[in-house]
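Okay, so subunit A shows up in both of these, paired with subunit B first and subunit C after.
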Partner chain A sequence: MNATTSPVNQYFKALQLDETDHSLSQELLQNCGIEIERCLECGKCSGGCSNAHIFDFTPRKIVQMIKVGDEERLLHMDALWCCVACQLCVDRCPSGIDIARIMDYLRERAVARGIPATRPTVELFHNLMLDQVHKIGRVSELYLILNYNLKSGQYLNNAELGPQMFIKGKLNPFPARVKKMDKVRRLFHKKPGQKGEVK
Partner chain B sequence: MNVAYFPGCSLHSMAHEYDLSTRLVCKHLNINLKEIEDWNCCGATAAHSVDHALAVGLSARNLSIVQQMNLDRVTAVCAGCFNRLKTASHEIRNNPRMQADVKEMLQTEAPVKPEVQHLLQLLVEETGLDAIGQKVVKPLKGLRLAAYYGCLLTRPRQIVEFDDAEQPVSLDNLLRTLGAETVTWGHKAECCGGGYAASDTGIVLDLGGQVLKSARQAGAEAIVVACPMCQSNLDMRQKAMGLNFRMPIIYFTQLMGLALGYKAGQLGINKLFNSPIPLLKSKGLA
Partner chain C sequence: MGIHKEQSTLVIGGGAAGIEAARILGQAGYPVVLVEKSNWLGGVLNQLASSFPRWEDPAQFVEPRVKELEKCAAVKVLLESVVSGCQKTENGYRVQIKNNHGAVEELQAGAVIIATGFDLMDLSGYGEYGHGAFPNVLNSLEFEAVLKEWSAGQKPQKAPVVAFFKCVGSRDRAKGYPYCSKICCMYTAKQAGLVKDLLPDAKSYVFYMDYRASGKEYEEFVRSVIEDKHVRYVRGRPAKVLPEDGRLLIRCEDTLMGVPVEVRADYIVLAAAIRPSQGTAEMAEMFGLHTDPYGFIEPEPFEPVKVQERVFLAGSCGFAVETLGALQQGAAAAAQAMAVLNQAD
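== the complex of A and B ==
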């Protein structure tokens, strides 16, 4: 493996402190009220993180990367697409830094910039779900899964569960829909999956 | 007590039995559930993951209907829906800019009034364990249960303000009030993998598998849940996780119903994947 592209090398690459950019931390302060400078680097976020064992960057590292404005790597990282949003990091942070909100903010930014998700099926699932909400105001699990399997090409994904779920009456083929759909559609400032700048 | 009720999408399909048992138990305890008229999906993980304003807006519309129904309290039984409603309510109350955005989106006043409570919270804090205990006619004697809270029921504490985020006890206390025994275990507040069941199943098999193994190790005969996502993740995928436990994953409202004298069939206990019926029969409870 090329020494400059090895993930381990990238991880431990010294930060170029003379090129730090504070615009991302300032944005988070303005848009989300998050004070990134209050991070004590205690690491409780990473210690508790449900999925740190598969993240390319741990929550603590992510906060440090925001401090120095390493936006490109943040927007391309895999952690954005496998964070389970379990809120453990938020709950445990002694400085009150809402890391889960930061992850959402960065993901929204990455999507707006058209940066492909490292796990495309995860993004696809989000979009199909929101598409249903845009169409009928609610989510029908049956149609969501069928549509997802079709669009992701994983035709038999979870198919082994289908028959038993059907027998148990767990799949409702006649989902109710919201009557005042105009009120729900007003909440969408862009169509699900549409690229565009974050407000 | 009149309370607005947000069932959420799952309760209309996959978690129908959770809805069924919730309505029975609430009626029995004189909690008058009024379903939010024309409610919409809370947006779940999808909305907050890619569109923050939409996520707040979707829950704000539901809260706004509660306010229009003149109810001061809304309860949800899905931990995910509960967390989205509570987070939106917190943001609308504390962030003036978001409050203005919500007003604009909904074209009505921002819904700052309704209190959001998960049904477990409502039962423990408003009805009270003593009142529930007095109504128990069939104590769940001999059942060894693992009370599972997952993530969104108690986290983050700054927003949810219920129980303890690290060592929650409310569900344990409720189950003991019903006469069951609860085990001490390490994964009561760990994540089950949440919304990744379809889109990245490996995450659910990994995290959910750890929860199941931990409960089993602690000697639990079944896991008790308060969220339809936790239920389906833990119940339907034990085989795929390579576990042959066949461990029942039961909604807390179903067990409450049993203790209050209802039959397993009325509570939809037969709808669960890994059937709890043999276990309940062995204790003389079904």
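== the complex of A and C ==
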């Protein structure tokens, strides 16, 4: 690889602060009510993050990139697709910054802009999960796992956990449907930021 | 027994600490001679455009205090004067006070309060920042004058970008001093916030290693500058300032991301280390006072302001201190002077 075009050197190219702005922070404030400038840069979010070991940017750095409005890097990062929204960072943050909501917002933005997920099966998983919700109003673990393993071609992925989950009643072949399905389906037509029930 | 108000107290320095000490002694009826080398009272406060943590105008404090001082019959203010000599006597010091015209006045003082203040470090050793070489690289007191101009309505036509460098000379074992100058975090936040208040389209950057805002309302003050006034804090010590098309290019590392950053500014304000003033050094030598390795006057162990028998310090001649702290020390020194003048054997 040519040294001058390697990603490492790109990363250490001086960031021009003059060209950065507050627009992304402003957007998050308006759309999600998140005040990024409250960040104390303490790193408690990253320290608590359950998936930081596989992230390319830790939660603290993600907040920092929002401060400098580095949208391109944020929408292309791998962490966007390995965050499981476990909310540990949110729970720990002394400034009450909802980082999980930020990740959601960024994922929505990446999908809207047609930027492919760095991990394709993650997108598949998200879509299959939403399909389930659309069909029966909730997630049936059994059908989600079956569909996911079939469509991603990893037929025996986590198969060893199946019997145990079945015994514990986690894999119900006859999942209950939500009664008011029309209400759930209407959620799918909600626009970003829209409040109240959708008609 | 009884209260003795015969002996004079000499207060050296007419800044915040000195006028506070003189005012309290004067209001209690103790004769005071206040010696000030310039021709105004209030010291550095007169140079400041605003104050922390409540954005008050320092002039609003200085004027009434000076008026109160002038009302005290017991207080004699000698402007444009310096203490030129002293001899220890049985119950105090015999002191010579020389004014601008060379006339010397002699005084027997039962107590001496040193309030000779601070200077900002000379930054000519920091060639990388170009103080002295580039006209728009200023130290923090020079920038207060700019802020005063802007406050008075003489605003620049185009909203500027102003970058503040903290810890220039402080926490620097190579070219400066190892200590933290204690007040820069707050006054830098004040200046950066004031820029945004006066010129809403201006941009303020503060380059910092950390901010140390320990004091009542100080943390909230700095946070409000970041969160409400949207001053951008960049963590890292700038490495170099370069001229670029009539502006100043700053090179630094954002140590939070580990990436180099560059930004172009119209003004650079250096929060220079606080060191003892020339007057502090002279008085320490004249009165034979203990000083620390940097020249700040050292009080006796576990004494807030007592330096030696009948000599007290107040304000930043002891160490960098904010206005409120200087006033507290001035008041403490006044109380101790009263105690020593009335010592019951």
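As a working rule, the second predicted complex is superposed on the first by the 161 of 199 C-alpha atoms of A that agree within 3 Å, B and C clash if a C-alpha of one lies under 4 Å from a C-alpha of the other, contacts with A are read in each partner's own complex, and residues count from 1 in each chain.
Basically, contacts are C-beta pairs under 8 Å (C-beta built on N, C-alpha and C of every residue); 3 or more make two chains touch, one makes a residue touch a chain.
Predicted model only: the values in this text are computed from it and were never measured.
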{"item": "Partner chain in contact with A:A159 - subunit B first, subunit C second, else both or neither", "value": "neither"}
{"item": "Touching partner for A:R60 - first (subunit B), second (subunit C), both, neither", "value": "second"}
{"item": "Subunit C versus subunit B, contacts on subunit A by residue", "value": "B"}
{"item": "Touching partner for A:L150 - first (subunit B), second (subunit C), both, neither", "value": "neither"}
{"item": "First (subunit B), second (subunit C), both or neither touched by A:H22", "value": "second"}
{"item": "Touching partner for A:E41 - first (subunit B), second (subunit C), both, neither", "value": "second"}
{"item": "Intersection of subunit A interface sets (partners subunit B, subunit C)", "value": "none"}
{"item": "Interfacial residue positions of subunit C with respect to subunit A in the complex", "value": "161, 205, 223, 226-227, 230, 232, 234-235, 251, 254, 256-257, 259-264"}
{"item": "Subunit A-touching residues of subunit B, taken from the complex the two chains share", "value": "9-10, 12-14, 16, 38-41, 43-54, 57-58, 61, 83, 95, 105-107, 151-152, 155-158, 165, 190-191, 193-201, 203, 207, 236, 271-273"}
{"item": "Subunit A residues touching subunit C - in the complex, by the definition given at the top", "value": "11-18, 22, 35, 37-38, 41, 60-61, 64-65, 67-68"}
{"item": "Partner subunit B, residues of subunit A touching it in the complex", "value": "33, 50-51, 54, 82, 84-88, 90-91, 96, 98, 100-101, 104-105, 107-108, 111, 119, 121-127, 129-130, 132-133, 137-142, 144-145, 148, 157-158, 161, 164-165, 168-172, 175-176, 178-180, 183-184, 186-190, 199"}
